[in-house]
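Below you will find the structure I want to go over with you.
Letters A, B, C and D mark the chains in the order given here, with residues in each chain numbered from 1 onward.
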């Protein structure tokens, strides 16, 4: 037993334990220009917590909104300023924990813009009086207080700093230079999300259930991720991505460590990216969470998770791609098929978009495993397009309401075009973009990803993806059919005229979707600005 | 781009260069009448007749003003031109075509005039009738005047259309509509043959113009020539109602009688004969011997079929129709004989055009007088009521059965003689069939004469289908004059034409090859007349001496029943094509809905079904989600390790 | 931005219907004004199309009136339009049909809550997109328009169609979309190959692609060919990928059915000519038997099913399927005659079948039913309508003297030398064509007056009088519904079509001369020569 | 005494934790199982640190502990809110969201 397991883990070198050398310990003044955007976001989050502590209740909402928007704008400005003279090959920052290279900057920019849209949705108080969030999270659902809070105007304004914390975690996540940072970032982005999922003003049972499920499964996945990190540490002697990469070229440890570690690590990442078969939480959580949070999760978490996947695969594991690529082919196929097929019979708009996101995760994974510059830039571009489209989609979903809140059951959407042609038109456009119809960003995104994949010799996978797209197109069409070709139900939902915030968020999403469909060149150029440092 | 002309073909000049007017006049008439609509009701019939008469006049002028020792080519415009394929819209004016032109416009004029009277109780629609007739004349002229197989095909289908429109004239009646459709369809079957022949010509000779094809066929292989010959024959069978495509022609009698006279007796149905005569450079080739034999067989079989069925029918026009079938059989037999028979085929075609048109017009006159009654058992004794009709009809009858020195005598006689002149047993077989046919023809025609015009008037006391009494009367002048003219032609035409026509046609279809059978020409003549006399005599013995019942006798021999049932031809068509076709169509509709589309919908349903089942795996239990994650992780890790270490 | 002479014409052709669509959308409030505006725009578009035809020099460059500017430089994508003879005649046909469709849809009863403005705006939008599809000279742009043009059509069927419109619209969309996506794989692969070939930056420019990728190895070509072929075969449609068409045609409003069958479907066969043959010459030749089998199967299968249909609109769909078999046969028989025949077939089919659908629409407008069994003996009431139905039918069965004859004859005569067996089978299809046309005509127009659509409920199909011995029991006289013959608007819609059917049947040269140089060029690009040719009358390669 | 035993032990602990997540109904226990998994990883990390002869693994262990603590805070809050609503902490009772 011992011999065998020893062979299993330490095949190439089970020598006596070496004494640990004294680590070098010196602190250089950290180079912070590159990471100002992250610092601004996290700093603002901390300030937001202080606001909660010290501001009177009625001032919190305006203060938090202004703070969040300022933080995002400031981070954007910092990012833009840094971009003008950023080194082409990227640089590391904060004791080499972060690496700020072109893909990271692109992802940050994407995250900030998507977060801006999400914050606008979160801040909206016109669609649901008082906002989509519970007045006091501690109130038990179904009680008198709960019924009272439904009509109250106050909301749990901690949502704003939580959002900023999650955003900061996401930014760190996709710029991590080592796996430990990545793990910490993963938790920083996840923990606020767990909480925010449970904060819906209406249907609180569902909301809390979503939170519990997301939390338990997220923690479960974190454990896998972490175990993967540990095994890789054992394999490479380091958790730095570049050193793992170097170790794959010539480590004396067993490859079992490498592949088991990698597998567990990737599972953790795929979970966050809601790639099938690790997607099971997605529909439940998307459906249960408050819609602005769902938008935030669907857009930003996807970006961050794929940012991490791209970095890990391209930087750490490129040289072993022959061994793992086939496995991820399979995962991509499973994800596309699950997303496309299960989406067909969904009756809830949010669940349907959740399955759509599972299918899209499969498409993204195709780009991510094309380990070329094209694959990288294509996946980055796809993330940009998908984020904005899905943001707008959930924005629109939040508008269609009846007496008990959002009317997310598809049957309630029948004949919507008659009640509100504009909303139906916008949603149709978004659905067409999700389906990948030309002249929308969704098409260009698919096109560049598939182009990269074919260029990298993955034509069969692309064909599967195309067929899955066709199948998935059915459930988008089904909604269009309902909205346009069906007679409206007598007691159907009304479409709320949104206030400035939601309007701005939806407009942002739709405009970007249209712009990237018509004239994608500039964004394609940004996405192709450079490769990961350390490749 | 024009096509090159062969030897003996010159560009048309003089009167021949105006030949396009021949087509254009009736076409214009048709166009004016169809587009003008009700506005032309008052004078439509006059315009319709006028254009055809003008065309006839022009044909006469052309006939006398042109040197028919040569063939004249009139290029009108480039029709279809794609690289190697160059098809003129052009006419060929030569002895053969001008002969047909004279027949078509001549008989056509008479029948137009006749129709003015015949259609006078359908004033509202009369101009449309004339439009269709004009359309027919125009198409028929294109058929015979076209200078390529494609222009011929144009006219060929054009007359098919006119025939369809006119057979289906009484479109409120289902049987008329069905008969029209049947005619068009069976013609189309023949047209497929013609079309395929054209494709073969283009493939092998690079052209479809007569001049180029005929210049190139000389050294073509036997297989090719036989194939072309048989395919052309298929076309001819369709148009001319030859076996096995004869069934449509009797049904076509559903149309008004002038139509039957013009289209289904005198002109259109003889187009098959024209086609084979026109293609004589192909059929005359030694390689084409087998094809000619098949032509002869078809002709001979058709003669017998037509005669046998003709003996059993009680419908005036249908008897005449089967008579037409069998007479065209003679013509086909004649042209199948090759150079020995082309000219006699044409000769019989012309004389037949006269007397059969006359017979039909007579039939029309009778039916016009008898409330459209066509059942000969309900007629009888009409000779007193309609003397002109009776006498003109009788002259036509005599001409048809080959009464000495009337037109049928000359033409049919020549065919029988040429058939007997074939080598060996062929001569006896085909000659014998032709002789037998002559006897049968005399039999059924005599039966017709007796039942319709002679004997007792069986119609007194009966009522017609629309519940009226019969008041037979002689027809108006517009109807009798054409009948008289045609009767004169039937009497005199044969003698004159047999003198001049064969020589006249030489530049177009070549010298007549003399044949010398076992019997001398005179002997053949006597024999034929004798057999006809026997046939007529038998008919008199059976029908002339006893009273015929008004109701059709049902207790008859199998032979009669078979003949009444078209020798089961329709049953055969029904069993072989119509019913299996219906089944096939129904089966295919089922297959398309349930099979092909079912597969498509099945895939969709399958996806939907699997979706419905798979979503049940999303149980809502967090622990089962965790299980699926764990399972997925184990699979991923295991797969990675397997790939690495396997 | 580059352009050749007269490119403004093409640009105007593309933009005018778009502007029209926008204007008409704005005028939705007033149906009458919207209709007139739409008609005006469509007529102007037609005039422009005629102008473009006049400006086109058949013997000039392959692609004329060309203009191009960058769209997505990263992928070498251009917005690049130009016409050759084939595209030009199709654009002209679109220009012809749209005013007629608008005229025919003038009195269309739209579903409740839909405006004529919206309807016509969508039609104009569809027109702009289809013009773009035919004129695109960039493969990416072609693909984009190929997919985009589904969307207005989807709404036209889904919003304005019959009872099962939802099903039909979704089926139409998914079928075409699936085909398009499969084509996308090939489009991308073309780009990747061109990038390899050209060293780095690939291209989507059609002409450049033809030069760079057409010598790819056969196995590669076959895969790429299939990608394009499936998309085009669905669009065309070839059996067995046809089942969307009967549903779509049956459910679409009449005018939309005309556009669907007359124009949209032609994109498939146009794609055969423009993309399959020049880009994949070796695969085209290798897979010819496959295509020919499908083509001929389509001819026979479509014809037989047309015979078996009980619904007029589905009938037209199956007729079209048979006709598309002929077109495909002509294209893949590889002779300039057959190919020219196929191109003219595309034109003439649009005219003839377009007319057939319009006339059937007029029948349905009167009887209120598309079931054939609801009619009978209608010619008695509406002789002119019957006449036009017959003319349209005769054109569908390719009677000589109609324009369709020219094309069908060319297809068959040209296909025979290379594909005799297929041609013979297809020629037999001529008989079936006669059967389905005449039988339809007989059932609707001929025989005694009958059918629920024409005769009132009192008498029904029962005979008017029942003879019973001496006493005649008179059943209630069946009340013939008030059914009028063609009105002047309908005459104006049909007259140009009749004129063209006969005119082009007698003098097809304008069309033949326009398309033939482009066909010759396609033959040459496909590496084919005519099977029948002589020194002085042969295919001229540029 | 080789590090292999530590690794096997940690793998065993991790597995026990994972199985616990699958089989236990009480949310708190499920959560504790996840904590067990994290701590199993910690053991692995420390073992490898020992094996590699550096401190990285041990430092990482501290990080993990901190993170786990944070997770506990959030997790217990969520579970508590559920418990207050439903009077039960059984995860199987939370299945309104499904299919």
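The rule is simple: a residue touches a chain if its C-beta (ideal position, glycine included) is under 8 Å from a C-beta of that chain, and two chains touch if they have at least 3 such contacts.
Worth saying up front: this structure is predicted, and the values here are computed from it rather than measured.
Set against the Cα centre of subunit C, the chain with the most distant centre is D. Here B-D and A-C were compared by C-beta pairs in contact; the pair with more is A-C. Among the chains present, the centre nearest to the common Cα mean is that of C. Distance between subunit B and subunit D, defined via averaged C-alpha coordinates, is recorded as 95 Å.
Put simply, the C-alpha centre of subunit C and that of subunit D have 65 angstrom between them. Separation between the centroids of subunit A and subunit C, computed from CA atoms only, is 46 Å. Each chain gets one centre point, the mean of its Cα atoms, and the points for subunit B and subunit C are 35 Å apart. Residue positions 212-213, 216, 220, 283-284, 474 of subunit A are each in touch with at least two other chains. Annotation for subunit D: residues touching 2 or more other chains are 18, 21, 30, 91, 94-98. Across the assembly, subunit C contributes no residue in contact with two or more other chains.
Those chain pairs judged to touch are A-B, A-C, A-D, B-C, B-D. The part of subunit D that touches subunit A in the complex is made up of residues 2-5, 7-8, 14, 17-18, 21, 27, 30-31, 34, 37-38, 40-41, 44-45, 47-57, 60, 63-64, 67, 70-71, 74-75, 77-79, 81-82, 84-85, 91, 94-98. Chain contact summary for the complex, subunit A toward subunit D: residues 2, 5-6, 9-10, 14, 17-21, 23, 137-138, 140-142, 180, 183-184, 187, 191, 194-195, 198, 204-206, 208-213, 215-216, 219-220, 222-223, 226-227, 229-231, 233-234, 237-239, 283-285, 287-288. Of all residues in subunit B, those touching subunit D in their complex are 615-616, 618-623, 626-627, 630. By the touch criterion given at the top, residues 18, 21-23, 25, 30, 91-92, 94-99 of subunit D touch subunit B in their complex. Looking at the complex, you find that subunit A touches subunit B at residues 212-213, 216-217, 220-221, 224, 255-256, 259-260, 262-264, 266-267, 271, 277-278, 280-281, 283-284, 323-324, 326-327, 330-331, 338, 341-346, 471, 474.
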